[in-house]
Amino acid sequence: MSLLEFENVTLKFGGLTAVDDLSFEVLEGEVFALVGPNGAGKSTVFNLISRFYDPYAGSIRFDGHDLLRVKPSGVAAYGVARTFQNIELFEHATVLQNLLVGRHQHRKTNLLSELLFLPSARQQEIENREKVEEIIDFLDLQAYRDKMIAGLPYGVRKVVEVARALATDPKLLLLDEPASGLSVEETSDMRWWIDDIRRQMGITVLMVEHDMGLVSGVSDRVLAMADGAKLALGSPAQVQSHPAVIEAYLGKAS
Amino acid sequence: MDNAQLLISGLANGCVYGLIALGFVLIYKATEAVNFAQGDFMMLGAFVTIGLTNTQYMGLPFWLALPISLGIMGALGYLLDRLIIRRLFGESQTAVVILTIALGFVIRFVAGLIWGHEPQTLQNPLAGKEARFGGLVLGMEDVAVIVVTILLTGALYVFFSRTKLGLAMQGASQNQLAAYYMGIPVKRVQGFIWALAGVVAGIAGILFAAKGAVDPTTGLLGIKAFAAAVIGGFGSLPGALAGGLIVGVIEPFSSRYIAAGYSQVAPYALLLAVLIFRPNGLFSQVRVKKV
Amino acid sequence: MRIVFKTNYMQDIRPWKDRYQLSLYLILLAVVAAAPWWLDAFYLGELTNVLIWAIAGLGLMILTGHTGQVSLGHAAFLAFGCYANIALIEAGVPFLIAFPLAGILTGIAGVTVAIPALWLHGIYLAIFTMALSILMDDIIVLSEPITGGVAGKYVGGVEIFGHLVDRWGTPDQFFWLVLIVTVLVTLGYINLLRAPLGRSFIAVRDSEVSAQAMGIDIARTKMISFALSCAVTGWAGALMGLFAGAFNNETFSVLISIQLLMMIVIGGLGSIHGAFLGAIVIGFLPQFLSISKEYAGALFGGNTVAIPGLEFGIFGMILIAFILFEPMGLYGRWLKIRTWFELFPFYRKDMFKRQKSYLRTERLR
């Protein structure tokens, strides 16, 4: 069953076509990777799903809902969470607070009950913490839980961002270059985590990644893009040996 | 005829606002920082020249004092950047705003200590002379203000849009890191711009002190000039001048045709209206952050 | 260093770290509450003033320190709260209703103002609010029937349960009134920060894009922040009016707005402590200066006449020093000193190195 559907989506910035008549489906429970050279429009696809941009044409459906009717802050409520290419954490808050922000969309209390910290607010905080501590355990972040983001090393921040996305309880997790800038060990950790996220938590993963080792290691299907359009779609091995993909990466063999 | 007189004196005032606004825009264009002390810089420029020229202080000849005081102002601008602003490299815009507001307080305090709190006028060769155009009687100072402002704005405009150095400076503001990689000496450019802003403030101060009296609180005019810069569209030099002129003209006319109190209200009311209704015109330099 | 071994979630959720910390704050509160017995009337008044400034600082801290929206116009909301309170009292509303209502009205006014300003960023919002603060002067003059215009208003005491509380007549009771408001506002603030709403403020401050991706409505969050901030500021304004006894259109000038912003920067943006520390600096700086001037005068035989602009000049210098050397403010400095003692002799200089100021850069990096 398809969870996310792109149908003939086109996005233009002025004269530049960033996404060109793109159609694909992400099936429930799979790990789906977007690959392609820089400027192919992969992150733009993420930003379309996050509703930061309005497509020029086409439709985006998620879990049976028309995503284009949802405002940017409403996307999370449907069960879509994401990370960012250049890490967008809340710098001057602790790891724990960052993860708790991930629980924001499950907020049931109102202004007054929070100002007075009524039992309902207290109960909600305890529930939020139970969920967040689970994720901290899952991603091995115990050592950092009360540390400010501003002082953390890059590799840890990447993991915190994944953790924060998981804290929202998503159906679909968008990972924008989860392994970029990570060491070999950190990348292999990330690989097992992505695997666990899918297997243990049953979350569908859509990721943009340049590291082909990671892509072929975890993903079920791969979509190769160039200049905003679809080049090839299939298993990692199929895509890697596709002539159009080789051409896009290496140039035309002459 | 009365209205024409009002218009001219409004324009002359507007030119001074425009010159201060020019200083704001210069610094903003090149460094994306906002110097809230620009008005106090102008006040300082006026007092430095008064200190050099007026007979109760040093009593130098006006035309000799002029280059010296502009030199001092340029040096002060440069030092300010070198000693203080540069340390905030990469810090938030707002930190610079708060810092320059504080700096304004300090400048006002120091100027008061040195030159006292009595209003003073600059003794200058144009004082008391008049120019007649048909039935209009204009003070030579007003004419000088208008002429100098137009020339200066024109020169700066040409500098920024035609010369290599000027274009490099614009590049430096838009993306510091990229400009740095392109071989533009970002920090030196920044120092130069602050020096230039100091000189422009000096010119504005001299013109202001020739037209009327200055005292340490004159620097608060900077707030009005800032409104002018925003009204004109922040980031454009001719816009700054236009904004200054609009504010300068709107003041006497609103106090004349609405009520006396309104000359203070009108520029800010206009500022709010511009910020609310024409944000696009102003926001051309605010880009959507890439994620 | 005291390390708390946490065994349940409530240890994390409650605002104090352990009994020791809680008792320190309770002792501090008790000492302050007993001030009328150990302070003379003059310094009690000063302390009252500091608390009022601290409330105003807490108000601005919500907006600037925790939501990242810089306001150079909060004096306008001080004025609004002050006049709303007086107008309600003069209309016959009892103080215990008029006072909360004044804050709520100010909050509503804040939201009304915020709506057109929601899309203004950084420096533009600062200018917008500053213009507002400048215009407030004229708005007060124009609405003379309510505000008394240039002539201003005089207030005596206020009646609470038939009992007259007055800044001059009963300074002790006025002090306690202010203290109660301070404590209530602070408790509300603490609760806010440990609840989802406070975290959403911080999220908006630190990264609007990812806040949005986490399901936080940016415009709505900013509006709520404006509302809370202005309401608290309104209460501070109401108390300021009662404290001053007389005020007119010039009482809440744009300089007060600037002073308030500088105060929380010196205290430390993004912390409740910062508002209090900043208020102490603001409140006691004039006293400190006049005392040191007397000493200097006695030592060097100089004159002790007032130097105009001295206060603001010194204040400006302090602020510049803080922005350059301690962007986290007094509270940040305090944290470093405390850590130094706790870790002695293992403190390293770069321990806080990566933490820069709270205000986020608008530049593309």
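So that you can tell them apart, the chains are marked A, B and C in the order they are listed, and the count of residues begins at 1 in each.
The rule we apply is simple: contacts are C-beta pairs under 8 Å (C-beta built on N, C-alpha and C of every residue); 3 or more make two chains touch, one makes a residue touch a chain.
All figures in this text were calculated on a predicted structure; none of them were measured in a lab.
Using mean Cα coordinates as chain centres, the one most removed from subunit A is B.
Among the chains in view, C has its Cα centre nearest the centre of the complete protein Cα set.
Rounded to whole angstrom units, the spacing between the C-alpha centres of subunit A and subunit B is 48.
Subunit C has its Cα centroid 33 Å from the Cα centroid of subunit B. Centre-to-centre spacing of subunit A and subunit C amounts to 40 Å, using the average Cα coordinate of each chain. Residue positions 209, 356, 360 of subunit C are each in touch with at least two other chains.
Shared interface positions of subunit A, i.e. residues touching 2 or more other chains, are given as 52, 84, 88. Among the residues of subunit B, those touching two or more other chains are numbered 291. By the touch criterion stated above, subunit C contacts subunit A in their complex at residues 9-10, 12-13, 188, 191-192, 194-200, 202-203, 205-207, 209-218, 224, 270, 352, 354-356, 358, 360. Of all residues in subunit A, those touching subunit C in their complex are 50, 52, 71-77, 81-82, 84, 88-93, 96-97, 100-105, 107, 109, 111, 114-117, 121-122, 124-126, 128-130, 148, 150-151, 164, 168.
Residues of subunit C that touch subunit B in their complex: 70, 116-117, 119-124, 126-128, 130-132, 134-135, 137-138, 141, 209, 254, 258, 261-262, 265, 307-310, 312-317, 319-320, 323-324, 327, 356-357, 359-365.
Contacts from subunit B toward subunit C in the complex involve residues 32, 34, 84, 87-88, 90-95, 97-99, 101-106, 108-110, 112-113, 117, 175-177, 216, 223, 226-227, 230, 261-262, 264-265, 268-269, 271-272, 275-276, 279, 282-283, 286-287, 289-291.
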